[in-house]
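Data first, discussion second: the structure below is written as structure tokens.
Letters are used for the chains, namely A, B and C, taken in the order the chains are written, and counting of residues starts over at 1 for each.
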């Protein structure tokens, strides 16, 4: 089932939770909605489910406008962070619920319902627990039941709101892999909300990065990580270092020093330079480099994180060096980013003024 | 040096630095015994000293049996009425916002606070054949006051807060996501209510019912005014105890009291079992 | 989480977690009608009947010596029984909430026992204990001690029916508060009394007041138990509720409702104070919503 969200806005009281969001999801895709809390990702999920109604805009299921369809008619599977299991029902009854409440005309026979429930229990690897009550299960098991319950109605779309948020780290990793397997096996169009970028990048076909009620970028893990279209995405996904910089005559400058990075086509003026701490190379001397004084050194796994005071100590950036590289506190280090992006302030201002995507951005490599 | 392993010794009290345990527990036990336990034991002792044949004769006396039937029957009906309306009242108070909601919420406790005799004469005045509601009802052919229906009315009044106050806090704790998930699974609103919400509330509803029932069975003050107290028809068991006492027929009064006490304790046991069962099975009580 | 939104237009589906406006309206109407018939009307009619012949007759009815005696007796009984149960409640709660010992749950159940006993039986137990047919009866009589059909019996019966109020309010409250504060005070060198007085009491004062309030309302309004032990001696052993019954049975309705209106007023004041306590100090009154 293709899913199309068109110019959807949602305001609670006066607070805008979503601002003019458009998004297309292809049938069978597994998409992550990623963003900090308050970015509107859960609201978007609830709008798709029909648990909220949009203030403006429309949501299409296949070719059909779903706005007039109630939650019950949308046939979406929804999985909540805290499972929302029916605690007075056994596991089997929980899973069978969606089939049992169907009108008599479309309701499968009791035998068929039982068969389907036990089939789903096998799928979520909880065979033998059908007679348990939710409080007798672990968190991970409960979330599997919640997923089986959502799958039982053969949903057109599967929506998961922070499905692993309440679980501890190890169970979380395990369930993540397992969700991917289930998705590949069943082929449901699926959307899940998360604030965990690792989860989003690892699991999803495409990642939708959201901030303050807007979609910042939609893309594969590689796209959002390697070619972030906005400073927000660059900063939100993965580690990054940033420096206030200036584009002039096709070169990027820090104060009055040329960095040696080309800014072909960027309008002259202030902006920000972003790079990943590990995408750098050390340079001798400094004919076009970024130089700074080592202000702190931390050992991180196989590498060394070095904090540099740049530009007379006004700014601090982190770079990552091999652990065997000798670094002395107070020493001077010169480097040049190997991959980087420059976001011009002028373009960003234009974006906020007119809400036109995306910011003017330059990429180097 | 030898290592001494002390076996965990059975202790009836965990040690504490706080003082006053002996004093307060001792006082509480003495007071409890003097006021409640010894007098109550008197009933048991007295009825035991009756001997089984005499006890059985009184307990199965036609008038006694009728009075017990009326007490328990009317209490059953009243507690059922309270379950239906109590759940509706609790739902309305928890879920809807309307002017005067807080006052209504506070007013639910009126039957706890209003002396039963006052409730009795007030309800009688309303439902008497010349009362505000009694008159129109009589015109329609219904007689309420001075019939068993009057007893039920009084028992509904005194039992009302029990169901509301046991169900209300549990309703407040209902997780909205559970209702939302039911809707996404295709359940209509009435299906969500009947299959998800009400079964979840069942333990608390059952507890409220049992509390209202237990209170109604023993009720005296609010009933005797409105009941008419016609032997075999509208005479409740507590009233029969009073009548036997006034006749100085202590054995009869004691026997009826013993039967009622026994049934009350069974009710208390049932309430506790329901709670324990619910906690064990579903992981939550009422 | 879910914010309320105005009722949607007819074509747009409803929010999934509420009923249609019509169903909502019907439920509210049913609830309010039920409460109006069963709570509001009885309360109103007490005052209507009391003032049926005007304020003069109302006041004259209250000024009857027997009625004044009943009011005095009711106040006296409450003044004795409430403090007794207050002291018991605090002692029992201290022992149960601050210490761990075997049989605690059973003791708690026993304290609640009087709530499951019919008031008439509460009266009966004292008749059996002190009456003519009992072992104590003749001895009491020969020593000229009157308990039954006299004030001591009324007080005892009242204590019985109001027995659990303070204790069952304080026990959950003090359990919730734990023993940390008291242990700290003892560690700082305070004596047991000082600890109770300066640490425990300030923590439980609103809960205590709440329990006393409910205890007092029941003590002043108790009918069944008192009726059995009082002997109905006019002007001597009639409390206000008993006076209401006597006047009512004599068809002196205005006087009966006049006395009843005072008791109804007491109930209203109790409800108002209770609601204020719950609203302002709800956190300091554990189990405020529990029945009884």
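Criterion: contacts are C-beta pairs under 8 Å (C-beta built on N, C-alpha and C of every residue); 3 or more make two chains touch, one makes a residue touch a chain.
This one's a predicted model, so the numbers in the text were calculated from it and none came from an experiment.
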Most widely separated chain from subunit C, with each centre as the mean of CA atoms: A
Chain closest to the middle [Cα centroid of all protein chains]: B
Separation of mean Cα positions, subunit B and subunit A [Å, integer]: 55
Centroid distance [mean C-alpha coordinates] between subunit C and subunit B, Å: 15
Chain centre separation in whole Å, for subunit C relative to subunit A (CA means): 58
Subunit A: positions in contact with at least two other chains: 50-51, 70-72
Residue numbers of subunit C (touch at least two other chains): 14, 16
Subunit B residues counted as touching two or more neighbouring chains: 180, 183-184
List of subunit A residues in touch with subunit C within their complex: 12-13, 50-51, 53, 67-73
Contacting residues of subunit B [partner subunit C, same complex]: 12-14, 16-21, 23-25, 27-29, 31-32, 35-40, 42-43, 46, 85, 88-89, 91-93, 95-96, 98, 102, 104, 106-119, 121-123, 125-126, 132-133, 156-157, 160-162, 165-166, 168-169, 176, 179-180, 183-184, 189, 208, 211, 214, 217-221, 225, 238-239, 241-242, 245, 250, 253-254, 257, 260-261, 264-265, 267-268, 272
Complex interface listing, subunit C residues touching subunit A: 3, 5, 8, 11-16
Residues of subunit B touching subunit A in the complex: 175, 177-178, 180-188, 191, 195-196, 199-200, 202, 281-284
Residues of subunit A that touch subunit B when the two form their complex: 49-51, 70-72, 74-78, 80, 82, 84-89, 97-98, 100-102, 133-136, 146, 149-150, 152-153
